[in-house]
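Each of the two complexes below includes subunit A, the first together with subunit B, the second together with subunit C.
Let's look at the complex of A and B:
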């Protein structure tokens, strides 16, 4: 974590049109070779084959037992796992940090597919609250409806609900894309900090309340705007991206994206900065 | 006479804004702390898929995804005057090796940032590898 000497002459970042602001964060002094061999997977993950398929009946299993068995099957190289009889169990399929094709033949309870990084998941039923919370990467598709706090605090990946979702969808999200084929409840995008939400149907009151950043696209009616949520212009780049994303989501392929509303943060609520930690230190 | 004074004032203001904090007019708070608040690059910029690199194409194919997925949120930023990309797993900025020549538009730079970030995260030299070895429970 050594300090990097600042020089008076114009730096590379400045000459690139970037700015001179010092951002917080720890500089990684552990350098790597950008030309090293191609590797697409995290260290210690399983080498699975999508063509190697198996089924797992979790009817008489608890959620931890089922999750451990999924991990065991991945360690044997199974890349496609079909889960039978999930029966609305809570916290199923959590913590998968691997590439995997996972199919649930039924519905999940709360916190299903939480804290995952990489899998492609299809749920042929409904899900309870906080589905795919903290998703880092991958794709989760829900064929029916979802409960509240859908995609809470997700960091990346695509989270798709073909039906309608409850309140506080995408609360505190820090990246990724949430796509809803039906309607969304109140406080959608509450305190979102980054990422994108697409709603093809209507949305409830206080949309994007206290959002710091990110973008919300709405195809239907908006109940009301939340604090600091404002309209923005839909660009041609937005429209191209929306068409592509809806195709990936397998919904609304014929939807007229040019009529969608784009909502962003007004950025009037920001009141913290890099000085804050120093001020706190002084106060302590 | 008052007209001349006003002209001088407006000229001085424009110079200050350009030199220190970018194109935007700084707020009183920003002026006080001497730095700007918030991002100074467009974090909401959507990727231009025509700029995708062959490495990223292979990565998407290997993971079985249809698009850039989580990498859509990755952009080239900067830290301490050096081009850098933020690694969320290590919670730090990874500076771009000086040997890499950067193009002069954000979309191309973002694609390079994405490629380098994947290489960094999957590298056996990533800080999480040591942590995983030391603390992995199951």
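Let's look at the complex of A and C:
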């Protein structure tokens, strides 16, 4: 990594791989200054020990009660929490701004793991609509299928579904990576502004409709392209990155990434280039 | 918002009244203005079962008015008289509520159009369902309230669909509640979650073709639309596939017949549906928690994709 103390603000960010574009014309971009790192502080976070493990049965709890208890366990230093009997409840695990190993033994309903920043989550079931919406950082792995709006508006982190997902996956996403082991529904990548989506299977109609930026990789058939979505050349760097990501995601180990299609935005809109908080944190 | 749920047992019967009650009650947060059941019970198949109302249960925004019970009695008498004139013999009669009745009728006909038109020509009378297995029960309140009011928890049958309604497009009353009977077809019912944007255009066209609408609820269009397609020889599945282009808007809906259950999802896929499918049971609902009320164990479920139509047989 370049010496971030000695280079200019603009080249600092570029040298750290946070963006590669050479911007011209009107822009609203502001670059992260590592010297201001101490100003980044999250309220309501705890020091947890990943080796300190506990189980929580939420069968007879409401979602707010379960979420409150997860917070309570983190405050006691538990770094690994196993949730028993989620039974399709909505809004479980939302708003966790902590490093945490969280394991759900079962399925979640709508808005599971929404607005999280940092946890590593494994869901041994399926998830309903809008799983991990607005994820800032961390990793969420779903072992079965997911509903629509999977990873809506995520800004960072890795969101992995080993099964198939519904419509509008990655809608409005602003960063991070979504990886789908199966198929994805219509309007995948709708209005995405940054980040990457990988789909090993087929994808429905209007892929990448009205996308501003970002990249979508598809291994199977594409129902149709949306407005502004165009094909792009799959480079060797792309293939290397795909292999690394799929390995981390524990899916598609033998998948031939060289045959994947790469879809990008056909237009360039510069005003979507401000660094996201997760990228600022990543540079600290 | 509204919630829909349905299930079909393949190769056996079960307590579908109780099961559907549990599924719809789990969805009550999606709307509890009214709740409706379309239950396909085990019968000997000899007589028609006619569920009908002779008055309204009037809620917020309804265009109907509350009436005196004596008015209901008068209407019932006219219905009885009309049935007798048509040669239809009432084998069994139940009056669950002053405005809600269930008749078992010995009547030999395959075309229910003339029959229905004559009954519904009586002011204030609406047939909620007609069939040899189907019974549509709908009223104001959540699933448990309606189930308790009509004693539905002991109904045994093969399949059922239901609806928990949050009234948005029309008032709160029974005529706007789901399910809708696929008039004039025996044993056809529909529930819907969504909004149809070409309702009036389609309604005008279908009314000109002789189809009847009883409410101002856009969802009724689906039942009439598919019934009209079937009237001209289309199968249930063909009619449902045509609806994906003929109907405009966002929708997920279920259609049930005497021996089948189908689902359709529009091409925008904007209305939710979670589906569980096994060799002996298909259960689906707007949310997973509906399915969990009949299958509490960990199961594999999925969201059907955009433009998907599926039909299952008992």
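Assume the second predicted complex is superposed on the first by the 223 of 284 C-alpha atoms of A that agree within 3 Å, B and C clash if a C-alpha of one lies under 4 Å from a C-alpha of the other, contacts with A are read in each partner's own complex, and residues count from 1 in each chain.
As a working rule, contacts are C-beta pairs under 8 Å (C-beta built on N, C-alpha and C of every residue); 3 or more make two chains touch, one makes a residue touch a chain.
Not measured: the values here are computed from a predicted model.
By the document's definition of touching, of the two partners only subunit B reaches A:241; subunit C does not. Residue contacts after overlaying the shared chain place A:128 against subunit C, while subunit B stays out of touching range.
Shared-chain residue A:50: touches subunit B; no touch with subunit C. In the superposition on chain A, no contact is made by A:230 with either subunit B or subunit C. Of the two partner chains placed by the overlay, only subunit B lies in contact with A:158; subunit C stays clear of it.
In the superposition on chain A, A:82 makes contact with neither subunit B nor subunit C. In the superposition on chain A, A:103 makes contact with neither subunit B nor subunit C. When subunit B and subunit C are set side by side, the one touching more residues of subunit A is B.
Those residues of subunit A whose C-beta lies close enough to touch subunit B in the complex are 4, 6-7, 11-14, 16-23, 25-28, 30-34, 36, 38-44, 50, 71, 99, 101, 118, 120, 136-139, 155-158, 175-177, 194-196, 213-215, 237-238, 241, 244-245, 247-248, 264, 267, 270-275. Put simply, subunit B touches subunit A in their complex at residues 21-22, 29-30, 33, 35-41, 43-44, 46-49, 55, 58-59, 62-67, 69-73, 77-84, 86-88, 90-95, 97-98, 100, 102, 104, 109, 116, 118-129, 132, 136, 138. Considering their complex, residues 87-90, 106-107, 109-110, 125-126, 128-129, 144-148, 163-168, 183, 185-187, 204-205 of subunit A touch subunit C.
Those residues of subunit C that touch subunit A in the shared complex are 267-270, 272, 274, 287-289, 291-292, 296, 298-303, 305-307.
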